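The following blocks contain the structures, represented as structure tokens.
Heads up, the next two complexes both have chain A, just with different partners, chain B and then chain C.
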Partner chain A sequence: MSKPVFMLALTGLLVASLAPVQAGSARTSILEKLQKEAGTAFSAERGKILFSSTHKGGKPKTNSCTVCHTKSPLKTGKTRAGKDIAPMALSKTKDRYSDPKKVAKWFRRNCRSVLGRECTALEKGDFITFMSNL
Partner chain B sequence: MKKVILTLALLVVAAPAAFADGKSYAPIKDKITKTECSACHMAFPARLLPASSWKKIMLNLSDHFGEDASLDEETTKHITNYFIKKSAKGKFRNPALRITELRWFINEHNHEVSRKAKKKAGTMSNCKACHRGADRGYFDDD
Partner chain C sequence: MDNLLHNLEKSPVKDVRTVLVWDLFVRLFHWSLVILVLITGITGFLGEEWWLDYHVWAGYGIGGLILARLIWGLVGSPYARFSSFIFSRAETLRFFKELLRGRPSHYTGHNPAGALMVFALVFVLISITISGLIVLGGQENQGVLAGVVPYFVGEVFEEIHEVLSFLLLALIGGHIIGVFVESRLSGDNLVRSMVTGTKESASPDEFKHSKLKSAFVFLTVLAVIVGSGGWVYVALAELPPNGLIKMTVNKTYATECGDCHFAYHPSLLPANSWHKLMTGLEEHFGEDASLDKDVSKGLSDWLQKYASEKWDTEAANNLRQLDLKNLISITATPYWKKRHSEIAKAVFARKSIGSKGNCIACHKDARSGRFDDQQISIPLNQKEKEI
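Entry: the complex of A and B
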């Protein structure tokens, strides 16, 4: 391997190894922001209940997260239009909950669809905490 | 050897377009549009609907055929402009909002899709279930 190629490969490796760290710190900052707003410590147990329960107030066809995401966050889900959804558990999909815009977008859409309202900071924090501990 | 591979690759890429009988549509190339529109379904080619339909769709994303597909203002504007630019041109009377409700779409699929295939696809908007090249713009494989 020539020197420039080797250096390029090395840089590539370094960037790849740093990516999860960056995602991790972005996730921490999202959770810290939610924590400040919520004022209460997050609970994975409450997150689990939010995810698994059947809710009233939203659309009858999507009255639970599990309609699209399946009962197990470790499994691949399916959108109502037939596309696969990567598992929600962080252990299965490494870049979950690390893009603030994406996180805000999907909580807004899906909380409205399932609960008929936006989620609170506490609910969002509980949800991410549950998904991060599986 | 490299030349052979390149020629073969070109053949594979070019062949479907060469044999198409008109049922090929340029796929969405804009990155933002592609990312957002393919989050839940395939990003449908812009030329499948006229600008008036795309505008109506983009104005009502919070109730997108029953789903909340709302986007921030900036992204909505960007995607709307892209669709207007790339939309089907010509005159349309009462243009449909659903591609699956266009007359040619119904005629094209009416006698071709078995109950089994329909069940497998889940919905008629799941082009890729039968047209394997759909997200590259090819719908000729039927």
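Entry: the complex of A and C
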């Protein structure tokens, strides 16, 4: 193997082995940002309540996260249109909560659908914390 | 030759002999045709959409058989030749008069009534085959004519194909009645003749006929026709289907609009509907599906560029007529409702399907916008599978 190719392969390997760590650090930075905004420590317990409760104010057919995600975040959910949703628990779906744009998009959409408003930073942090501890 | 033949037959009975009337080709042709027509009839009148392939293949088979029969009618054995059963108008009229009196003259081959029936059947079968190819090409964008026949022409020919099929049913009925009547009156068992090929007849017809030569000429002509037809076929079949346009791939669409449901093909809604849908994503079928402005603008432009107006497929043509109360719904259109009216609510609710809008669960080719008949299959529930 020539030297540049070898270096390239080595770099590739390194990047590949670091990917989960990177997802992890991306998640940490998302949480850190939310933490700064919220000011209060996150609680998995509050996250669980947010996830499991039936809410008022949102769209009638989607009044709880569980409508699509099922009662257990460890299970595969289903959209109202019939498509599977990978489990929300981090232990089941490794790349969850690591892409800031995706996280922002789905919190915006689904909080509006379920709660009828955007979620606060505290709610978002609680939710991710709950999902990370399962 | 045929004059001689008929005169001989109509002379008083001298010695009764067993003669080979229907050669092997004619018999094979006849019974293969019966089987193929049965298949097309069953798949066409009673079959489900996804049986189309069998219908089409049997149809191609019928076309091939008729072509072979036409050639054999010119070069085949004496009784197989058209010239042996083309009768003058006078003779035909006389035969029908005799028939009315219940004492028709005896013919070893086809009598004038039978001859008329054969020509009618061949004519109708050719017309059905050709109209079928036009329907296939126009409506389904399949087959040799997919590249040349527009959708609306296919739709017109579907009616023609249907009317001709009923006409064929009537002719077949007439043919069967005719066979039984003639068998009664003549004493020949015509059904058996079509199996064994022979009839008891007082006919010292001595044809000078070479089987070898017939077979040789037949095969040569068939080879020339199939060979030259093959070129046309290949050339036509290589044309791209004319209802489907080339579309640039849009990865953003596949991810942004493929999260909650499979990404609907742009040909399923008109441009106005896409515009309306894309400007109302905050209230999207009971959910918030909002996107960043620039992303949704790009997707909206792309969807409108490839909207249903641009396509000439069965789905695009029919779904263009919207439900006026719900301009952005595919499943609310009258055509969609009509085509899916026989599917029970419980079927859509199956775990494997989930909702009416999950086209891809039942239409394997939903992503291409084709919605071919052969690609339909309704998945069972896990539980139902186990039973």
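The working rule: the second predicted complex is superposed on the first by the 119 of 134 C-alpha atoms of A that agree within 3 Å, B and C clash if a C-alpha of one lies under 4 Å from a C-alpha of the other, contacts with A are read in each partner's own complex, and residues count from 1 in each chain.
As a convention for this text, a residue touches a chain if its C-beta (ideal position, glycine included) is under 8 Å from a C-beta of that chain, and two chains touch if they have at least 3 such contacts.
Note that the coordinates shown come from a computational prediction; the quantities given were computed from them, not determined experimentally.
Per the definitions stated earlier, placing chain B and chain C onto a shared chain A by superposition produces a clash between them.
In the superposed model, A:P60 makes contact with chain C only, not with chain B. Of the two partner chains placed by superposition, A:G39 touches none, neither chain B nor chain C.
Looking at the shared chain after the overlay, A:R109 reaches both chain B and chain C.
Shared-chain residue A:T79: touches chain B and chain C both. The intersection of chain A residues touching chain B with those touching chain C, taken from the two complexes, comprises 59, 61, 78-83, 105, 108-110, 112-113.
Listing the residues of chain C that touch chain A in their complex gives 259-262, 282, 285-291, 353-355, 357-358, 361. Chain A contributes residues 59-62, 78-83, 105, 108-110, 112-113 to its touches with chain C in the complex.
Across the interface of their complex, chain A is touched by residues 38-42, 62, 66-72, 121-123, 125-126, 129 of chain B. Contacts from chain A toward chain B in the complex involve residues 59, 61, 78-83, 101, 105, 108-110, 112-113.
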